[in-house]
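Presented sequentially are two complexes of chain A, the first with chain B as partner and the second with chain C.
== the complex of A and B ==
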């Protein structure tokens, strides 16, 4: 802080203090959840501030992780997230690329069909019957395919592809490239930012998806992680169904509070880890290195 | 670089497809039905699919094999049990609806709750099977366990039974509880009348019953439901949420009875004094109340009998924080007229079992449910093998050798609410708790006789107008208790009731009451002919 007047220094210090306070304000909810999840269930029910865990205990994590259904549900979610992201991103890109070309015959019609799904859908039961008749019930396909292409993502990518100059493709064509070569070797490499963005959207969607399990899966070995956690949380907090007041909570050794906190950690941390890896793609400009001048 | 990108994409795809394919084939084979397509009670292998909601929902657990083996021995043919675990409470109805939308995806046995409208549709569509003949031939455990009244509420006036209750509560599940140690500290007797009760609550609030020198105790707490104040309402012989049978034989909504006004006025005063825990107005979740109770600052509460099982989680949480604290259950408080009663549960049950059209051998399927309802098999699938997993000492006290986690791993409880037995087969209740349940059965009878439990699933007026009326009632009543509204607001509510559709509800309910009386006669004749001889 060389060359700053006294007033500026004071302002800077105040600024820092304010920013740090703001930081604490933002981080505290996460901290609270983390500490709550590590607290002893019987002591944590008193509530209050959690700067450190009250009576350290990992029982909540043990309860979640030890359950045999946890590993299988984590496996399901990993497979559907990875496969769904690959399939979803790829087909979103191909769909969007085709639609972005004005020389596509009936392009308006196809774009309308895609748009239509944003506004209307067949409804729950018809969808269910469709998936059933396609023979996908109780299979991972039912978790992956119905959500692979989202109309919104298609339009985002479409407008991105429209921004890629036609001259670039014409140049490639003159060099003897066909449409597929152009798509794979010119367009896709130029589209990393949008691929990363849409890929992340899709990945987060698959990671958070629990409703597909409810619709299409009967076999508990194939439940998605979020469906498993949701069931676990409700099982511990819905103390009473029948009136006798014992039936459900007696199953668990832990309190709904710590279970809920631990579930939030387990459900969010893995997908949070993905963000830093994709960050550089968001930041990068779109056209660097392709066309200059 | 570009080549490797293409290669990467291709590799990922191949990987993905191969993984997904292998899983698909695995899924399909497990979804296949057993070879039971041959029709009537066969001898070949049997696969029976059950929708399940209770317990830990552990897949492929020990309990599944144990049940399959038990059924195999019982039916003398190979039986596999296909567990279909329903998702969480908020999603399970969606799942049930979807499964029932198509015959090929229906389970053999459907467990459901609360879905009166859908149930009616299923019956009308003919997708549920009439269980009467199968109950007669194979359902002895079921018809011996459930009493006449239980079956009445599931009986179709056409003389058929399309569902049986999955779980019916004990007749009286709740009790007035009071801190014994606080009574002793203050030298007070157990209250029996409403005046004594109020005095005790005041003392609990103001006389520092826990002796810590702080004014941090409340007389009474509970959840944001009227039953939290059952010791007051019931002493005056009124339940504001039920239809009450009047002395002249007509039916009146409990909220409208003049006694309600008296109770609200009393509660308003107590709230103002600070005797009532203000959190009663905000406690929306059961869990909040359990936490408040565990913190040990509440003198009296209307709560579950099952609390008194020493192993219950509530009891453990309370004891952990208040090693010297002790709650006791007391008899219901007597009102000004000497009337007293505990809250009776309905005999309807809260969840049900139906056999769907997908079951190709309905008789055998009923046999399966019946076997699960037998005391031996019930104990096996709920508590495990006696001697191995639990012991019963000479006083009849059950002691599990396993931790909760271990029991969950075995899947004990997966088959909850498939005819949940509340008698001696429910080992978890200590003999004292069983006695208390029996006592609450008796002490809840006075009100049981005054309340009209509606059987009909077809109540258009109630469906249309009840929400508005109850919203106004809740605003008014809780407003009065909290002191935000004067007691005269109650009179306004009563005046508005009729205009809000209350007149139509009253008319409908009175009609249903006389109809239900007739139906009860018909049912009794039917029961004597179709069930009684087969017990």
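== the complex of A and C ==
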């Protein structure tokens, strides 16, 4: 090991400075929104918000959390996220497990059927018409089913299942277990890490989903949280610009400025909570996916 | 009895691969794996309904879709929808918008994760490195709705922090999101901001495969850090870079539907309207199903040609392509 040369020291120093600047750039917007959400609404409107809240108030949070439209959209999103994650993770696992067995006749063909959905898709209008013709418009199914299983997740799980030693299954077979019992009693319990990872990815998708509401839901009581948030942001922007659209915030009796920021924070917090778990395995998942893709 | 058994085994070993026995082995395997097929079935059915039926639905681009007749019964019209599409006065503009926005995103968004990955790779303080990575990956997991909210909060002409700074320096506030001049830059920079960290993962993984002895040898020969990156790290990750490049070229008409949809407004349609937003407005909002599907098909065909060409060029230049 040669000691660090002068040039290398300078490089390292610059590199750390660059990274710290990058970190500030990445973190500041979220910090700004958080501080804005905690500001006193009357004081904050005049500007002057940079690093710390202007005044202090949690009125925006209490106003949102008491708003019935917010609560119903949160309810919808909780249902779609939980149901979508459960359905998606389970059937991704069953599909991936069958495909992970190289002895399965026709396995290559079935894997290609899955792979092909990554290369080509029908596009917006045919997907929309499908949901329409299936009679799912304005139902929770339209928010849950179209995105439950995707090829990428199937392949990530498949490669995990291939790593489980075959001896375990063979031993179980000698004891008279069939493939179903092996899958439920042996494989699934051994696969908790990959189930958790894929489950979290799916959950994040459903939590963030906004466009399904725009496409398939007319009834405001069934809006997803992100659609509610989007509507709120549009309304408050218009209100800030001095136009109409004050309806949402007028009834809340807090300035649109802080309401908007608080609602962004509320929509983000659950992601932050699951983020450390998400991070544990996603590097591996992303790698497998990009090789396959 | 003994004799007969012998005869049977002899018979079987003489003709081990007749057509009969092949099918019977196949059937035996299928029966043996019946539970595996049972596990596979729901996933396959799902894909057939929710992925393959819409693929078939693409045929309405060649039909005059009538909502009462459905996909199957509507009359065929050949390429009429495409002709209609190309006669639409705005379509050329929309196509160019899509291409320009997406090209600019590629131009800035493609090298950014490579550069950041190279620099992250040089960090020796592991705790700091992990923390930086965590922060950089995070925006990928936040929705575009949240991002659009942050962007409008920052750029708002009345109380946005950017205009607050402009006003502090006695400038006139700028309404960025309704300005044709700034809109594309906002799209490109926010996209790069959101995805550059996540993009480093694949390159960082490829870099772990580089033998550390090579750096040591280079240092003894007097190579500085930049030379080491240029001559050791970059060549080592070149296959990954090329594959990512082919994939991005295939996505050159994916200008980012949700982002544009959430940020644009009629004042900037001239520079911001892309094929996907056009498909949404004409197709879903105005119920021009066949016309909008034709626009989608047009986009897919171009993407297919591009990814094919890119792969060919990469392979011609002596590198490994996608297939």
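Operating definition for what follows: the second predicted complex is superposed on the first by the 198 of 293 C-alpha atoms of A that agree within 3 Å, B and C clash if a C-alpha of one lies under 4 Å from a C-alpha of the other, contacts with A are read in each partner's own complex, and residues count from 1 in each chain.
By definition in this document, a contact is a pair of C-beta atoms (placed from the backbone, for glycine too) under 8 Å apart; a residue touches a chain by one contact, two chains touch by 3 or more.
Owing to the predicted nature of the structure, the values given are computational and were not obtained by experimental measurement.
**Q** Should A:215 be classified as contacting the first partner (chain B), the second (chain C), both, or neither?
**A** A:215 contacts both chain B and chain C.
**Q** For A:125 in the superposed arrangement: first (chain B), second (chain C), both or neither?
**A** Both partners, chain B and chain C.
**Q** Which chain makes contact with more of the residues of chain A, chain B or else chain C?
**A** C
**Q** Where does A:97 make contact in the superposed view: on chain B (first), on chain C (second), on both, or on neither?
**A** second
**Q** In the overlaid three-chain picture, which partner chain does A:138 touch, first (chain B) or second (chain C), both, or neither?
**A** First partner only, chain B.
**Q** Just checking: does A:199 make contact with chain B only, chain C only, both, or neither of them? Give me first, second, both or neither.
**A** A:199 contacts neither chain B nor chain C.
**Q** Counting only touches as set out at the top, which of chain B and chain C does A:230 meet: first, second, both, neither?
**A** In the superposed model, A:230 contacts both chain B and chain C.
**Q** So, does A:63 touch the first partner chain B, the second partner chain C, both, or neither?
**A** first
**Q** Applying the document's definition of touch, where does A:86 land relative to chain B and chain C: first, second, both, or neither?
**A** The answer is first: A:86 touches chain B but not chain C.
**Q** Just which bits of chain A does chain B share with chain C as contact spots?
**A** 45-47, 124-125, 128-129, 210-211, 215, 227, 230, 233, 237, 240-242, 257
**Q** Which chain B residues qualify as touching chain A in the complex?
**A** Contact set of chain B toward chain A: 2, 5-6, 9, 12-13, 16, 19-20, 23-24, 27-28, 30-31, 54-60, 83-85, 87-91, 94-95, 97-98, 101-102, 104-105, 113, 167, 169-170, 173-174, 285-287, 290-291, 294-295, 303-307, 309, 311-314, 316-317, 320-321, 345, 350-351, 403-405, 408-409, 413, 416-417, 420, 422, 428.
**Q** Taking the touch rule as given, give the residues of chain A at its contact with chain B in the complex, in rising order.
**A** 42, 45-47, 62-63, 66-69, 72, 79, 82-83, 86-87, 90, 124-125, 128-129, 132, 135-141, 144, 184-185, 188-189, 210-211, 213-215, 218-223, 227, 230-231, 233-235, 237-253, 255-257
**Q** If you look only at chain A, which of its residues touch chain C in the complex?
**A** Contact set of chain A toward chain C: 1-2, 5, 7-8, 11-12, 15-16, 18-19, 22-23, 25-27, 29-30, 32-33, 36, 44-50, 91-92, 94-95, 97-99, 101, 103-105, 110, 113-114, 117, 120-130, 133, 145-146, 148-149, 154, 178-180, 183, 204, 207-211, 215, 226-227, 229-230, 233, 237, 240-242, 257, 260-261, 263-264, 267-268, 271-272, 275, 278-279, 282-283, 286-287, 290, 293.
**Q** Which of the residues in chain C come into contact with chain A in the complex?
**A** By the definition above, chain C touches chain A via 26, 29-30, 33, 35-40, 42-44, 46-47, 49-58, 60, 65, 70-71, 116, 119-120, 122-124, 128, 132, 134-139, 141-146, 148-150, 152-154, 156-159, 161, 164, 167, 193, 197-198, 201-202, 204-205, 216, 219-220, 224-226, 243-244, 247, 258, 261-262, 276, 279-280, 283-284, 289, 292-293, 296-297, 300.
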